[in-house]
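The letters A, B, C and D name the chains in turn, as written, and every chain counts its residues from 1.
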Amino acid sequence: SSGEVEVVIPGATSYNGLNLVPQMGWDNWNAFGCDVNESLLLNTAQAMVNFGLRDLGYKYVVLDDCWSSGRNESGYLIANPVKFPNGMKHVATALHNMGLKFGMYSSAGKWTCGRFPGSLGYEQKDADLWASWEVDYLKYDNCFNQGQSGTPKLSFDRYNVMSEALNKTGRPMVYSLCNWGNDDPYDWAYTISNSGRMSGDIYDQFNRPDARCPCTESIGCAWPGFHCSVMNILNKMAAITSRTMSGYFNDMDMLEVGNGGQTDSEYVVHFSFWALMSSPLLIGTHVPTLSPANLAILSNPAIIALNQDPSATGAVRKWQYFMDPDENGQGEIALWTRDLHNGDVAIALLNAANSAHTLNATMDQIFLDPRTAGAYKEPVQLRQSWHVYDLWANRMTEAEASAIINGTMNGTAAITNTNSTINPRVTRYNATSLSYEEGLKNNATALFGVRVGTIEPAGTWSVEIPRHSVKMYRLRSTGVETVRTRDEL
Amino acid sequence: SSGEVEVVIPGATSYNGLNLVPQMGWDNWNAFGCDVNESLLLNTAQAMVNFGLRDLGYKYVVLDDCWSSGRNESGYLIANPVKFPNGMKHVATALHNMGLKFGMYSSAGKWTCGRFPGSLGYEQKDADLWASWEVDYLKYDNCFNQGQSGTPKLSFDRYNVMSEALNKTGRPMVYSLCNWGNDDPYDWAYTISNSGRMSGDIYDQFNRPDARCPCTESIGCAWPGFHCSVMNILNKMAAITSRTMSGYFNDMDMLEVGNGGQTDSEYVVHFSFWALMSSPLLIGTHVPTLSPANLAILSNPAIIALNQDPSATGAVRKWQYFMDPDENGQGEIALWTRDLHNGDVAIALLNAANSAHTLNATMDQIFLDPRTAGAYKEPVQLRQSWHVYDLWANRMTEAEASAIINGTMNGTAAITNTNSTINPRVTRYNATSLSYEEGLKNNATALFGVRVGTIEPAGTWSVEIPRHSVKMYRLRSTGVETVRTRDEL
Amino acid sequence: SSGEVEVVIPGATSYNGLNLVPQMGWDNWNAFGCDVNESLLLNTAQAMVNFGLRDLGYKYVVLDDCWSSGRNESGYLIANPVKFPNGMKHVATALHNMGLKFGMYSSAGKWTCGRFPGSLGYEQKDADLWASWEVDYLKYDNCFNQGQSGTPKLSFDRYNVMSEALNKTGRPMVYSLCNWGNDDPYDWAYTISNSGRMSGDIYDQFNRPDARCPCTESIGCAWPGFHCSVMNILNKMAAITSRTMSGYFNDMDMLEVGNGGQTDSEYVVHFSFWALMSSPLLIGTHVPTLSPANLAILSNPAIIALNQDPSATGAVRKWQYFMDPDENGQGEIALWTRDLHNGDVAIALLNAANSAHTLNATMDQIFLDPRTAGAYKEPVQLRQSWHVYDLWANRMTEAEASAIINGTMNGTAAITNTNSTINPRVTRYNATSLSYEEGLKNNATALFGVRVGTIEPAGTWSVEIPRHSVKMYRLRSTGVETVRTRDEL
Amino acid sequence: SSGEVEVVIPGATSYNGLNLVPQMGWDNWNAFGCDVNESLLLNTAQAMVNFGLRDLGYKYVVLDDCWSSGRNESGYLIANPVKFPNGMKHVATALHNMGLKFGMYSSAGKWTCGRFPGSLGYEQKDADLWASWEVDYLKYDNCFNQGQSGTPKLSFDRYNVMSEALNKTGRPMVYSLCNWGNDDPYDWAYTISNSGRMSGDIYDQFNRPDARCPCTESIGCAWPGFHCSVMNILNKMAAITSRTMSGYFNDMDMLEVGNGGQTDSEYVVHFSFWALMSSPLLIGTHVPTLSPANLAILSNPAIIALNQDPSATGAVRKWQYFMDPDENGQGEIALWTRDLHNGDVAIALLNAANSAHTLNATMDQIFLDPRTAGAYKEPVQLRQSWHVYDLWANRMTEAEASAIINGTMNGTAAITNTNSTINPRVTRYNATSLSYEEGLKNNATALFGVRVGTIEPAGTWSVEIPRHSVKMYRLRSTGVETVRTRDEL
């Protein structure tokens, strides 16, 4: 009837209509901190285009802290004229011309973390300025917040001022909260933003505890800190995995892949889980000097397809056992699973212990949730057989990645470039041409890795996994029965 | 004197005069989630009548989330016209005609958990609409609450708006809070509502810890979550058992009996303790397809009589020992006891360990509270002998339950239907004809199970109990001395 | 100069000038709960006079919950006319005529804990009424507080309304908070009240943990609960002992001595520590039927002199070792010490383990605080010898206590009654005639127990102590050097 | 452009432009408590001058609690005329004439901790008065704060009133918060003050746990208490070390060196770490009677140079192992490191275990942070060799310290006084003549201790360390490559 307005369709939208799947891109902080300038951004952007990263979905080029040099007498921020001699709009235009988007940084405080002027009390002025610069994205930090924290309400109210200011500009801008999980943003931020950090800052270590990151749980963490390891952040997600949803994502922080502090297999774990958990994927290293191995990790379309799956959910930790500790005193094995949009299921068998172990995933474990959610009749999944696809089996070779980096192979639009012994149809993907959602519908080869077996009803999948490594699988039912999906908080 | 007004008699009323004993009924969420429509409700209601459940006291048919399709331009909610083609008042009338009551759902937030419009800011409009539909009950959730939490005051104030709105309609509606124990509602909600959830959502597992339900205590739980097991929720009650009272009940969440995730003896534990703790009893499965075994559990009048006892209190955990863990790493034995309105005492000996054990309950343990509360003279209970009634001894047979389900035996008004080898006087009860309070006064056979022995002064009751099972007893003094009761918070 | 106003002299006063040493008296709750009436109060009062308890300092007769029957149309409370047929002022006058004072009860909530009308929103009306009844004392509870808690500020503001209302009446009334340690009253209540409960309710057990009293620390206790044992409450005091001071006392709850749940030596521990910690001493049993043994405990002037010492401080737990657990799984030994006003030192050697142990107290332990507070020169105490007085050595015999109870010996003014083989100068004390402060100055025999030895410099005091018992000593320097006292929070 | 205003340069300023390196001085509380008067202050000041302490940087003479005698009828505080017969301005002038600065004390509460009038509600009057007295510094306590705590916002708002009042006077005054870490001041106080206590009060013990200091972490500590040991406070710093920065310092409380409760090596640990962590350094003992050993500790310029380093940061605990407990049940070894302003690195190898141990520090541990912060290329530090300077190697001898105390050697301006076998160029320093920043640039001998070796790339530094001792080193690269510094919160 004409009287109906604003029907909210579950799962179909977000507070501003943006970011229905997690944002992807690059942010300078992890590798460069305050050393920012125009050429860093534009050189990085060009490399992202050249290496095919843009077309894999890495669209946002985010300029982090330390870009300003103060406020003018009207209260508007001034871009540092030494670092950005052509101004910010010039940067935005250049990025837009490359098919990329421009992200900006500020803090919901008196100062930014680097002690440049913050936006607290200047929200509308700042939002208006960014809109005039054609900014597409705001990372909004929590430093120097004048004590306006301590209850969800205090934090919500503070962050909401910017949320409303951004909307008032009329320009679509993804709004990414960076308050480190303070006051439990996963419990209130989805109505006012597009993503929210759920931990203190990451650092480039796989599983080393650091006194500066004192919490091992996101819940009730009184001091998020920084120097949080990959495993620290991953395990903090276990309790709050349900609070990631289309339009709002728990942000596990920027990627460290490429920064040198972890082994190749540890970076694979890091990237795999950030993708699986629907975390934003923001590259955090120097792109132009990426190694072939690291480019191959960041470019795996079968893993990115998990991240960009329209289900927009996090994975569930089905079990975790502590054992066999490493040199940092840490050791565990775990099974994480996630139901995907098309009825497929992703499973990750993680060996974060100190030596190789055989891990097992049973059908009962994989389908625990349908077994326990209103299963007054037996869930159909348990009666089905499931094909198992190894999602890292088609990782790009060093040769292929080197060719892209060297410019001897076209990094973009790989699908149209098949004149070589390398078959880019299985290693690369152009999401600019065909979204992951459509690619999955079309069974695009690059999104499925290699089929390595089948799990039968009541069966178990067993695999030996080396130290500090993960096996990532996509399971696809061989049957045809429709599975009823449920949404639940 | 004529000057006296509003005398509050302890224990005799509630904030709105309703729900002096816990509400009973059915809610669709556990089994159906968002898949709601008129026929599900009415078919379920008819089965509840046919199977005798209505007359056992299951009166409220509660429609959970996902029933609306938005707000109209006047700000009033619209029932989804596909799911409810005849409108909500039609549903209410049909239920009323069956002798049932109609429950409705919303959230004290911007959206419901399923992201339909919530009632925050629309409380009076929504309450008025529900009253106009002749709704009898509101389940009021906590999703998308705009950060209005973090202190008892913030949650109290938010939930109180709806409390006052409901009262203003003039229509009696039971007000059931569903804020998962956030901000300790057991400490403030009894003056504004009729029940309050004290934990994250239940799931259909007996004792499996799940990362999504991180707390093991209700107190100070920063993240209630969901996927909380039966034992997790039960043990969360131990600290707050005193904060259940006539008119306001700690809600342990809807029943999972019938959903397939637990064994028969585990469902017996689940149902027994939900009843014993004076939790609301809301069936959470598909009633028309109930198995005979599950109908027999839900239909035990001797257990329901504990729940509907006018004492309206929770049981006390007198001891708990962790031992003999099961496949989930969990194992315990425990004794819970509860003083009943007529001087009887309920005791539950729980074996949640991995194998059979002999458990003992001593007179000193059973009567700890009178021994320690102002006992400047020895409590009379310790000098008495007590008959012991096994409350599950008369559980309906498969044959009897099957006959009811098949319609070959009248499920309602069983007391008048005695022409068979089955004696329904000992297995069934019609609370519509005779309240449990009256039935207890009259010593109605069905409310007492089978007498299996006597405990003498200074004695001990010993019994072997299988794995994951409970023994529920009613103790009745053989003596005549009156016991002074005390009320204490 | 004439311009000086309101000089606050440290330690010399309180918010209202009252209660410079802890209040002593009787409260009906522990033994009688809601069963209150005029004759209970007056009969108890008469026994307190007869047994010499009044003259030992037990002055306040506190009527607890359940005395009202509502509010009149002007909003004033009404005393229940059945329980108090002559009205409250009659009770007050009768008590005053006996040389006693009258205490009243209410709650800073909508209802009292027993669900009678509370004072929230009616503070001035209620204070005025009590003043008109000549009430001398208010116990102010925390039930049904409408969620007005969660930060110190919320609780402070709520309790402060009554504080100001009492002051506005012009009648001196001791203001005793009963908010169970919620929101850390020991951190804010001393500017607005005279004492504050620091734990959930006591129950009559020595050291049995109970699920309803979940905290073992007062600090950050999210759920004070009730059914807290003597040892649970004592150990909660260790962290906050400094926040007891002249005019405001941490209230460990009413005494259970006489209620039958503990052994004689356990009651001695209970009473000794309540006295030593400067807790209010409110008898919580039926006085007219007190046993001789229990009267002897409650009547030990050498112990009461610790409680009424003008230092008005708590004792410090110098060490605690967990060992030798009892049937409740609890076992510890500990040393507590306290500096007294005249330079004496009290020490308590506690054996709460399951069998007898020899305990040692060294000079270094006893004088830890002077050793570590600004000791740029060696503290004089370590160079001195100290006489050791056993404060329970002169406990009244059964014969003497029986004679008092039977009325064959004058319970009051014992000092003037010496014509018997019993020498009351060593067992009893009349604080109405001579305050404890003056008695200590005069070296009144009854306040010192029996001298049992001397500790030399660098020495150790060793003593074997039976299971669940305490040795209480007063140490008095044999030297003459003055010890500088310090005040520190 | 002329439109630019108020550019904030990271790390270059503070809220009021003061205290870019930690304040140094003396405060009477630890040694004298309330026993304050004019002569104590002026005699101490004279000794500070005579002993060379002023010229080492100890500039602030802070008068703690108990100096007032009330407020006059205009609401202004009155200095106690007995303790300060010439008034406060006289004291300030005398101190200024000695080249010292004058610090004052109050509390953000109704009363000070000693129950003298507090400044809550009188902030501007008190700030104006102090400015008129030419006060240079305010220590602002937290006692009797009327419950205005419980969230960062409540504490921020309360302390901010005084912050603004001080600024409004126009007189530069260092503003030193003393709220014991309550409500996490390290997260909000840097925009309104110059330092903030992060723990309960220190006491003069190395590592003895005390029930009155219940927290072992600063984060989320619900009860800071007092009687916190040196090691307790040090370890509380590990999580919050990043929240010390130029202009705002985490205050570990006043020094206990000289008060007699610790051994010489324990005082060396205490002083070394207070310096290393950039804590304010306030001497807390009686200066005129300092022993030579204690003067030598407080006068080590090589250690003080760490404290006054322009980097103004805290050290990081790289590892900590619990082992070999002492008589208090405590034992640990640990490595702490800190990057200094000129590229040097300070490392502290701490043996807080019960016997001597050989400790190792590897290059990987020392340079963990550059290795893990944006290290997309290998950090230059790992390729360099580092000279190792032992910063306690040139500790003043007893003879030299005695000569200063006896007045036979000039304690001030030691650099100009070289006519003796003692070479003060290596033991003493005059920061009044040459700041530590300049001295470091000039490689002043006294700031470097003795070079004791070199660490090569991939090397390890090993040293045996006695019980309860520390080795403090300054590492200086032998190379010339510039190291990029990063600022991060």
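The rule is simple: a residue touches a chain if its C-beta (ideal position, glycine included) is under 8 Å from a C-beta of that chain, and two chains touch if they have at least 3 such contacts.
If you're wondering where the values come from, they're calculated on a predicted model, not measured in any experiment.
Chains that count as touching both chain A and chain B, per the definition above, do not exist in this structure. For chain B, the chain with the farthest CA centroid is D. To overlay chain C on chain D by their CA atoms, one rotates by 90 degrees, a value rounded to a multiple of 5. Copies chain B and chain C of the same chain sequence form an interface built mainly from non-equivalent positions, shared numbers / all numbers used being under half. Chain geometry summary: the mean Cα position of chain B and that of chain C are 42 Å apart.
Chain D has its Cα centroid 59 Å from the Cα centroid of chain B. Contacts with at least two other chains are made by residues 150-151, 154 of chain B. Listed in rising order, the residues of chain B touching chain A in the complex are 30-35, 66, 69-74, 78, 110-111, 113-117, 143-151, 154, 201, 203-205, 211-212, 214, 222-223, 225-227, 258-261, 284-286, 289. Within the complex formed with chain C, the chain B residues making contact are 1-11, 150-157, 183-184, 187-188, 190-191, 217, 219-220, 238-242, 316-317, 320, 371-378, 484, 486-489.
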